[in-house]
Amino acid sequence: MDYIQLAFDLLGNPWIRGVVGLIVVGVIFFSAIVMVWLERKFLGDIQTRPGPNRVGGRFGLLQLVADAIKLFTKEDIVPENADKPVHAGGPIVALTSAFLMAVAVPYGVVSFEGSEYLLAVTTMDISALYVEAVAAVSIIALFMAGWGSNNKYSLLGAFRNIARMLGYEVPLGLAVLSVAVMAQSLDFVQIVSRQEQLAWFIFMQPLGFIVFGVALLADLGRIPFDQIEAEEELIAGVFTEYSSMRWGFAFFAEYLHAIVGACLVVILFLGGWSGLPFLGTLFIPPVLWFVGKVFVVIMVMIWIRGALPRVRIDQVTDLGWKVLFPYSLINLVWAAAVAMVVS
Amino acid sequence: MNGEIETQINLKPSEMLLHLGPQHPLQPGPFLLDLVLEGETVKDATLEMGFIHKGIEKILENRTYLQCIPITDRMCYLASISNNEVFCSGVESLMGIEPTERAKYIRTIMLELTRIQSHLLGIGEYATDIGFLSMFLWMIREREPIISLLEMVTGARLNHSFVRFGGVAYDLPAGFKEKTLRTLNEIRKKVEKHDEIMSRDSVYLKRTKGVGVLSRKAAMELGVAGPAMRGSGVDYDIRKVDPYLLYPDLDFKVITAPNGDVFDRVKVRLSEILESIYIIEQCIDMIPGGPFKQGYNPYLIKPKPGEVYSRVEDPRGEMGMYIVSDGTFKPYRVKVRGPAFATMQALPPLLKGAYMADNAAIASSMDSCTSEVDR
Amino acid sequence: MNTTGELTLNMLKEKFQVTEMRVESPNRVWARIAPDKILAIAKFLSNELEFDHLSSIAGADYGEALEAVYQITAYSHGIVLTLKAKVPKSNPVIDSLTPVYWNAAWYEREAYELLGISFRGNPNLAPLVLPAEMMGEYPLRKDYKGYPNPT
Amino acid sequence: MGEVEGAGSETAKVRPIQKIIDAHVTFTTTSAIHDFLKKTPLQDLINWGRKNSLWFLTQPMGCCGIEMICTGAPHYDTDRFGIIPRCSPRQADVMIISGYITKKYMPALKLLWDQMPEPKWVICMGDCSISGGPFWESYSTIINTEKYFPVDIYIPGCPPRPEQLIQGFVELQKKITAKQDRTQKGDT
């Protein structure tokens, strides 16, 4: 692909790279705010209530700003017997892992003076592997939060987190691997361009999509897999002891993870920034395609949250090992076979 | 306080003592549930009540009979008409009077409306405890029309103080019948819809089937009450066993479910809502005219000395009241036998061996009312 | 009135020499029994007469004596048998019903802390609804000083 | 070393060097920043944020607890005002005392109150929490809430209607905007 080369040229300049990075961080941050707002509004719709509609106009647009101001100016309590560095580190590590994931995600291409530039902070030929690896760091973050709080609820949440991780990282990784096998690359850009050539991978390996989707939901800890923060069981799970902006960061990191997760779904299975199959891009810029797809995925996540009860923790691990793991293996075989036929 | 308890219980190194409460999102009111956990499994559970013990029995001894009625309301605010009814019917039998025919109808209708709204909230709280937040909010939404029906008659949303000795406080307002029928029709449709969701949703079924099983024999032995007991297959309903008001003549069936798990207890509640709607529809067409209360001066109630044990079927089960009169204006002794008290008592043995995550489902499927346990 | 309730009372009379008894209505009967016989009577009721449900245990304060009041009924019929046993206030001890009816435990705890009737044989006669420092005040007794609350 | 031998009090354990560090630290703690901000117009912005994000502690205690739950649910929906329930006291701003305070519950309630981070407010919902309500003369209730908590808003009623609770929140918002709430006045 010619634009990849161009992008590398461009990214060679540290200033441009830095600016792009800042922009991406800002956009991601902003989109997390949008997601929280969307969730409150859309969940309100599901639950037949209006959701925020007083703060900042009819649609409650400034609600999250108010929340952020409040959280920033609240008292910061660290429990007396907490393991203080670990306690403080939890949200920071979580946030960091989310941003580290975000840098490897390409968000589309822009055309400028006849040539196309890739919109990404950095590109690497193992970006799928890299994202997988960095995503695992967030699990450490949650464990740090749970362990450092010196609270029994948090500790239970942390243990659940580890149990869940053991069950889900494997199918998640295998689903990514199947995609990589089919695309014959671990590079997100290659994966997207391969989908442009063949078809979206959701059609090529629907089983893989389901496995990846479920495992991703579990990895993100959203309902029906929010056992680590199960309100009625563990109050606020690993974040029970967190107050003020420490909690805000943790909360925010969760949504950042959700957004990056949605991006991954789009890149790996929904054709990235490419247009619809058969119809093409319909004169809409690729970046908007990407954003639109991410939006749809996020809405589906919120919808699932509004429509399902929580699964029990032992059932979660059961599901991971007994259902998703075999299916992901089957899918891997299928992907390899299809890849051989296609190539 | 916590330290003391911890030293009393000898814990193995692999075990952990977890205090649920007094403030915990699982709870409809404050109570302290001490769990000994090994991993995620509950090894032992103890329950400490009394965080909102208000001394109602003592207060009732120091009030005149009429003044007692508002206090009985606040025993269990979700079933205040049942509480009124059990107190008033007890005093009525001490006085040797009967409510008027019209009052019987009005009371029956109000009792069933109370049952509907209490069950709706009970199911809602239960739904939120298994993480089904939307269902909780839908249930509250369904409950509001019932509340406004009750409010239309009694003027209050929760604590109605509606029943009087030999009658009721007010007559039914104009337009009550039409509004009730219309509302109940809507509620029936919605409850059937929710019933469908709850019997099909695979995640929900996974969470509830076979969880917290209370066998028929165990339920009878532990003496749980109401839907919790009927969910175990015991068709024990005071409305049939020891009928009061109009219930001997009404056509309704006692809802039971065979398995005694969490799913069945909630299923019983859902079906009871439909049954209550059916009962109200029977009554509301036949309300006779005539006075809605006896011509007593309610301020001068003075039953003859004696004692009585009256009981009704509260939304949560068998509600009994033991009233001793010494012939003065105030009751000599009132003892309340609450259904939630009996049900909560059975909670610790039921929790043993359950998963920590099932705690919430089991505890709230019993639909306890802390205020009534503590009184 | 020849009801099942009356039959029950007659059987109690034969077996346990119960003297004071009354049939109030078809579904409500009561009898006054000697406190030391309560356990035997409860066993007899639950094993042979199908009175398998303890509805409630109340206590009442009658000056010199405290009274434990048992409402025993069944899942199959609506007869409520009220048993009353007087115990002296100086030594208010009575046998616990927990060997017969499991759910007696909490009722007995409540009667113990509110009225001071001590139940011999209850596995855990700890305060249930009162804070630990209020134990021993027995607020439901008629001579209780803390009501109305001075604060 | 300046340490008093055998004394168990907290002050005795503080060493001189620690005192210096403490003095140094207090200069830069959040409270110092807050004191400074109070004198600037920025406080208005902060107050705007605070008043529009009053998260309350889920703690149903009685009849009012049920009405509190209903207030958060579809018919009334406090989420419109940015008011949402939180289960952990660490993340709550408002404690709604929604029912009877008993002698047994008081220590737990105090503990919950202490666990909440500043700034925090108390709303007394219902007659029971204001003055004991129908149970004022009972042997187990506490009727002078004012003695234990700096209450900003009293909502009478038995129980108050959900509309009243919302009105209570609106009044609290007004008090925060006008800097008349007890947290900002330092009247706690």
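As written, the chains take the letters A, B, C and D, and residue 1 is the first residue of each chain.
Criterion: contacts are C-beta pairs under 8 Å (C-beta built on N, C-alpha and C of every residue); 3 or more make two chains touch, one makes a residue touch a chain.
All values reported here derive from a predicted model rather than from experimental measurement.
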| item | value |
| --- | --- |
| B-D or C-D - the one linked by more C-beta pairs in contact | B-D |
| Remotest chain, chain C as reference, centres from CA atoms | A |
| Central chain of the complex, centres being mean CA coordinates | B |
| Between chain D and chain C, distance of the C-alpha-averaged centres to the nearest whole Å | 45 |
| Averaged-CA centre spacing for the pair chain D and chain B, given as whole angstrom | 32 |
| Chain centre separation (chain B, chain C; CA means) in Å | 24 |
| Chain A and chain C: spacing of chain centres that average the CA atoms, whole Å | 63 |
| Multi-partner residues of chain A (each touching 2 or more other chains) | 47-49, 231, 235 |
| Overlap residues in chain C, where contacts from two or more other chains coincide | 129-131, 139, 144, 147-148 |
| Sites on chain B at which at least two other chains make contact | 24-25, 50, 53, 55, 58, 62, 137-138, 141 |
| Chain contact graph, described as a line, ring, star, complete graph or other shape | other |
| Pairs of chains satisfying the touch condition | A-B, A-D, B-C, B-D, C-D |
| Footprint of chain A on chain B - complex, ascending | 16, 18, 24-26, 37, 39-40, 127-135, 137-138, 141, 201, 203-204, 206-207, 355-360, 364 |
| Chain A-touching residues of chain D, taken from the complex the two chains share | 30, 34, 37, 45-46, 48-50, 52-53, 73-74, 77, 79-82, 86-88, 90-91, 93, 115, 117-119 |
| Residue ranges of chain C in contact with chain D within the complex | 129-131, 134, 137, 139, 144, 146-149, 151 |
| Residue ranges of chain C touching chain B (in the complex, touch as defined) | 24-25, 27-28, 30, 52-56, 58-61, 69, 71, 75-78, 80, 82, 101-103, 105-106, 114, 127-131, 139-140, 144, 147-148 |
| Interface residues, chain B side, partner chain C - complex | 48-50, 53, 55, 57-58, 62, 93, 220-223, 234, 236, 238, 241-243, 307-309, 311, 318, 320, 322, 324, 332-333, 335, 337, 341-342, 345-346, 374-375 |
